[in-house]
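See structure below.
Here the chain labels run A, B, C and D in written order, and each chain numbers its own residues starting at 1.
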Amino acid sequence: MTTSTAPIAARTASAGTLKRALALPALLFLVIFLFPFIAGPHYVILMFSAMGYAIALLGLNLLFGYTGLLSLGHAMFLAIGAYTAGYMTSTRITNFELILLVAVAIGATVAVPIGLLCIRYVKIYFAMLTLAFSMLLYSFLFKFYHLTGGDEGIRIKVPTLTAWDLSGLDTLSVLTGPLYYYVFALLVLLTALMRCLTGSSLGLQLRAIRENQQKAEYLGVNVKRYRLVAFVIAAVYGVLGGVIIAIPVGLADPTIAYWVQSGNLIFMLLLGGYTNFLGPLLGAVVFIFFQDQLMSFTEYWRLTFGVILVMIVIFFPNGLMAAVDRGRWWST
Amino acid sequence: MSAQSRRNFLKLSGGAFALGSFAGAPAFAQSPPVKIGVLAARSGVLASIGECALATVQWWADGVNKAGGILGRKVELVVEEEGNPKETAERFRKLALRDNVEMVTGLISTGSGLSVGPIAEELKTIWMSWDATTQKDVEETLPNPKYSFRSTDNEVEGLMASLLTVKHFKGKIKTVANLGTDYSYGRNMWETFMAMMKKYDMGVAPVADLWVKVGTTDLTTFVASLQQAKPDLIMSSLLFTDAFIFVKQAHAAGLTGASKLVMPAGGFQLNEMKKQYTPEGMILGHNSMYFEAPNASPLLKEFVAYYKGKTGLFPHFEADRAYSAVASWKAGVEKAAQQTSGKWPSKDEIIKAIEGISVESLGGTFSYRPDHIPDCNFYMGFTTHNNPYDIVTISPVETLNTRDYQKPAGADFFKWIQAKQFPNLS
Amino acid sequence: MLASANILVGGVFHAAVLFLVAAGLQIVFGVQKIVNLACGSFYALGAYFGISALAWAAAFEVPAIAYIPILVGSGLLLAIVLGPSVERLLRLIYDRDEHFQILLTFALVLIFEDAIRLIWGAVPLQTINVYFAFGELRIASDLAIPNYNLIVIAAAALISAAFGWMLRRTRFGRIVRATAENKQMSEALCVDVSKVYMAVFTLGVALGTVGGALVVPAGAASIDMGVELIVDAFAVVIIGGLGSMPGALIGALIVGFVRSAAIWLYPEFELLAIYVIVITVLIVRPQGLLARTA
Amino acid sequence: MTLLQAQNVRKLYGGFCALDDVTLTINDGEHVSIIGPNGAGKTTLVNVLTGLVRPTAGNVTFKGYNVVNLGAVRLARLGMARSFQLVNIFPELSVGETIAVAAISHLRHGERFFSSTARNRPVWEIVERVGAIFGFSGKLDQPAKILSQGDKKLLDVASAFALSPEIILLDEPTSGVSTADKSTIMRVLVQAARQMGIKAIIQIEHDMDIVFGYSNRIIAVHNGRILADGSPASIRARADVMATIVGRQYDHA
């Protein structure tokens, strides 16, 4: 029985090819890491929220890229993260780790029942059901102002870190200093975790479900369970992203959960390249900075984005990463 | 000339002015232009308000530049968009940190105000708000702001409408209904109205409490529900498009004949209150600027003519809020410059100068209290058809100054209402 | 009691408006399995274009009778221009995964929102005399139903009936239903499917634009209409059943009445009520009340 | 030892009776061919036996469990695999990955979220072994969608085998393949069955050379009823069965 070559390139790759595979992410993370030293405070805070979006998109791509489920309501988890941060900081619990933990707990408890309902459907029904749930949350946040502050939302104070005493610093230096690097560490950790998950049997089985649900079932893949696992993981990443995105804004309000925001999340994913593990990271960073420049350049920036999205959907479905990463090292 | 090309014109003219090539334009000293950040809404429900306020600020800037700028420096506007709170916070930081503007003016929605207030303090950038307050419902979330100068409490519209209701309908109405805009503003208005009804023991009972989401275009069901309730008086805090669609559909269903209407909210809908469907004798508010104020200043007359010429519409109070914000800042700079013998004053000096300053704005005098909240005139009255336009105007015009009708710094609003002896309207 | 009749008519009127928006979404999905997120934007474009058409016609002192034909005509004209061009765009990705078709229509929502502001400006527009030109049905001294509302209801009913008739009785209707049922088979029977898709998509757009033009005299046209209406349209087609025209009508009636009842009985619950129904339907009977088993 | 048991199974589609009172047992070591004209109920029988279709009456048990309530996932885990008449593969996944999916289920590594599949030795041993048996050794990296139609069908079957099931149901595994290759495929299937320790094969087959060449038991199905069930020799001897099934006297060359 002849020993075959590596069935998956990364399995026993020679040093050369492995180095090339890691060059891309290393460059991206290096740029983000050095950013506070090379860019002005405005751009650093933009990168701060770009990291939040990157985390949310990593989760969303587990659903869209790996499991083939288009969620048009993922912004509801951004809102859950933001409101958790709002409630906790306004009751003087500002410890960042605690906020993240509570947000993850709430995100998961909300995601399981919604997930159980949504994963029974695919394609258009899944998209419409997730949109319906996110608009249900939007209406709830808007209408029950006694609980949620209605259109005024809830103020979010800058969180504190257990290890780092931030009391001496003003908000700007916190956002561009310690908290920036804390979120950066979180991003690296969550990227590695997602890389591990997608490289594990979960990743392979999700892709099998995406490709052919009936065949996967007959090969013993528990489609319902793994879709739910993917949905909850995507939700938790979305909630973490939501907390991070909301901190520089300082306010949690219903517009975070509006359906157009979910549409923008998918736009970012396509821009970066959903068929690529690093697509979400690149998509978030490019979208945030391009939007910042575009909004100053023209008041009709939505029109420009619409045209760009049309071009991507028709001509560059695999987004920027496809153009950059020839070797399909990181393809989902 | 769309806003985009206007901005290019300003940039272009900046260069031209510096070269003094325009005949008659004052040659500015070599000092750099003073950059003012403008956050104007461009999309969604607030878009037309943002454009009106932006046009006013640009008119003001052109005028200032023609008259030699501020302390010899030419005014240059850096325009950004007020979107949802996240976008607005980012645009504010961009203006403050990248364009390092001298001052940022703008903002209409409460959500953006609550998010930008703390950021202005954090970045030590003067923010002259148009209409966004930093209060949640009625209590202040930014107690003693240093860099933020926010706008008048909109509850004044509710107080004035209530006082007019007491003055004209005491003993004539038994039942009232609320058709509120589902917005913090709407809640404050209804609570203020009912508190005032109790204070002046009008003995009225609410028979309907309806809330309309901003942007609703089909209000027939709300009209039908109000007809079911048969209230003597309808207090409606509806804003923008909802306001005139309601009046139009109410007229079509015969509601405006049966119940008295109170619509305290000013706004661009004044151009759409057509005589065809807007009844006479309806209480209509114009907030801090009425385009046909009885003792209109030459400034107001000049602006109304300019604005009507350019857009074919009458300007509404947001123009006054925008004008007063930038004019007060300019006055503050010039007043502070007297102490620093003409040198450009520091931010702290400007802030101290603005506190307590009075400025001639479109709707009358604007004066900033020490707690950075301005006092100004408010205009309200009963609608009438006898005017040369196709829209209703108000006459007689009741005017009040918010000095006596705005809660003092840090006061609890509802306790203050109970205690306060409001001077009765003229 | 009479006033509650007015609430009922209000509910039916709202249902008629929702049906006109949702019908376009329904026919396109029924045949091409594409969910057109931009159906609300077509409705808004129809409203704005209808106002321009009336303003243009006003220059010729057109009699009141001509208002409705002008509005419907403007809607159809706009659809004939927009429909084919957008469909040709979509055609480029028919072979691709249906997620991409939804995302293309999302791009259209962004484009149309700014395009409306570019062409018609940010200030909301309205037509004045049309709404009152048809008098009213006076039920009581202070209670009347504007005839224009009844016209809109009648128009919606007419369109729904015409649609039903077209689908069942005409040759084109049979071809459309065949293509909806099995695209390959109808292609095999030499049906030019690309022409059918072009016609059906244009028809879907026409439903939106004509609907927008017809309803705008009762209200006004504002730039955020397109984004808001898509959510109501979704609710209607999910409840009624994706792809079924009678389902769109039933769904619209349900949403219309629930909204009216909620406004009168318990306003806080108004917005939530619709989404709760949507989610219940999706759980209990995912293919919607009337669609054939999906 | 009985592996699979069908008890008075009936299946009605509206008025049409697809299966009429079918009772049969599949035992260890059997290679069963199910033959019969089109529309006789062969595929319905396999679908009922594999839990894809719920019988109108009667039940099917596999290792003591009622097949219908189990569902495909638990059935696969219990050791029942099947391939499909229409090719069923994962287009974007590579050949190796397709087989790995089955291997993961077999080894119960489905929940190992934190260990990399690429470095999972046991999985890749199965992949390489099954790959070698089915001749995919050189193509393990290729995405399934670029394989030839025959290879795709073979991959579908190979992935079923990789589950190392006890019983495997094949729906015309050699259809659409040239007669020359049919026997090579059958040899591969039988060899794979032996190597993977598969106890019983059930095969829907039309090609009489294959039926009589490889199976040790034949079930003839006609109009939803079992016409005959026995060894190849006994079936060939029954002229009536051969007439209805094959339409002429079949003399084995």
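Heads up, the rule we're going with is that a residue touches a chain if its C-beta (ideal position, glycine included) is under 8 Å from a C-beta of that chain, and two chains touch if they have at least 3 such contacts.
Note that the coordinates shown come from a computational prediction; the quantities given were computed from them, not determined experimentally.
Colleague: Any idea whether A-B or B-C has more C-beta pairs in contact?
Modeller: Top pair by contacting C-beta pairs is B-C.
Colleague: With centres defined as the mean of C-alpha atoms, identify the chain lying farthest from chain A.
Modeller: D
Colleague: Suppose each chain is reduced to the average of its Cα coordinates; what separation in Å results between chain C and chain D?
Modeller: So the centroids are 51 Å from each other.
Colleague: Between chain A and chain B, what is the separation of their C-alpha centroids in Å?
Modeller: Those two chain centres are 39 Å apart.
Colleague: For chain B and chain C, what's the span in angstrom between their mean Cα positions?
Modeller: It comes to 36 Å between the two C-alpha centres.
Colleague: Find the geometric centre of each of chain B and chain D from their Cα atoms only, then give the gap between the two centres in Å, rounded to an integer.
Modeller: 76
Colleague: Note the residues in chain D that touch 2 or more other chains, in rising order.
Modeller: none
Colleague: Quick check on chain B: which residues sit in contact with 2+ other chains?
Modeller: Residue numbers touching two or more other chains: 42-43, 213.
Colleague: At least two partner chains per residue is the criterion; list those residues in chain A.
Modeller: Each of 142-143, 300, 302 in chain A touches at least two other chains.
Colleague: Let me know each pair of chains that touch one another.
Modeller: Result of the pairwise touch check is A-B, A-C, A-D, B-C.
Colleague: Quick one: in the complex, what on chain B touches chain A?
Modeller: Residues in contact with chain A: 3-4, 42-43, 79-81, 84-87, 89-91, 93-94, 96-98, 109-111, 114-115, 118-119, 122-123, 136-137, 141, 182-184, 187, 213.
Colleague: Under the stated contact criterion, what part of chain A meets chain C in this complex?
Modeller: Contacts found on chain A: 64, 70, 72, 117, 120-121, 123-125, 127-129, 131-133, 135-136, 139-140, 142-144, 259-260, 263, 266-267, 270, 300-303, 305-307, 309-310, 313-314, 317.
Colleague: Any idea which chain A residues touch chain B in the complex?
Modeller: 40-43, 45-46, 49, 142-143, 145, 149-153, 155, 170-172, 245-246, 248-251, 253, 255-256, 258, 292, 295-296, 298-300, 302
Colleague: Spell out the part of chain D that touches chain A in their complex, as residue ranges.
Modeller: 50, 71-73, 76-77, 81-82, 84, 88-98, 100-102, 104-106, 109-120, 124, 127-129, 131-132, 137-138, 140-141, 156, 159-160, 163
Colleague: Which bits of chain B are touching chain C when the two form their complex?
Modeller: 42-45, 47-48, 50-51, 209-211, 213, 215, 217-225, 227-228, 230, 240-241, 244-245, 248-249, 252-255, 257-258, 268, 271-272, 274, 276-277, 311, 313, 390
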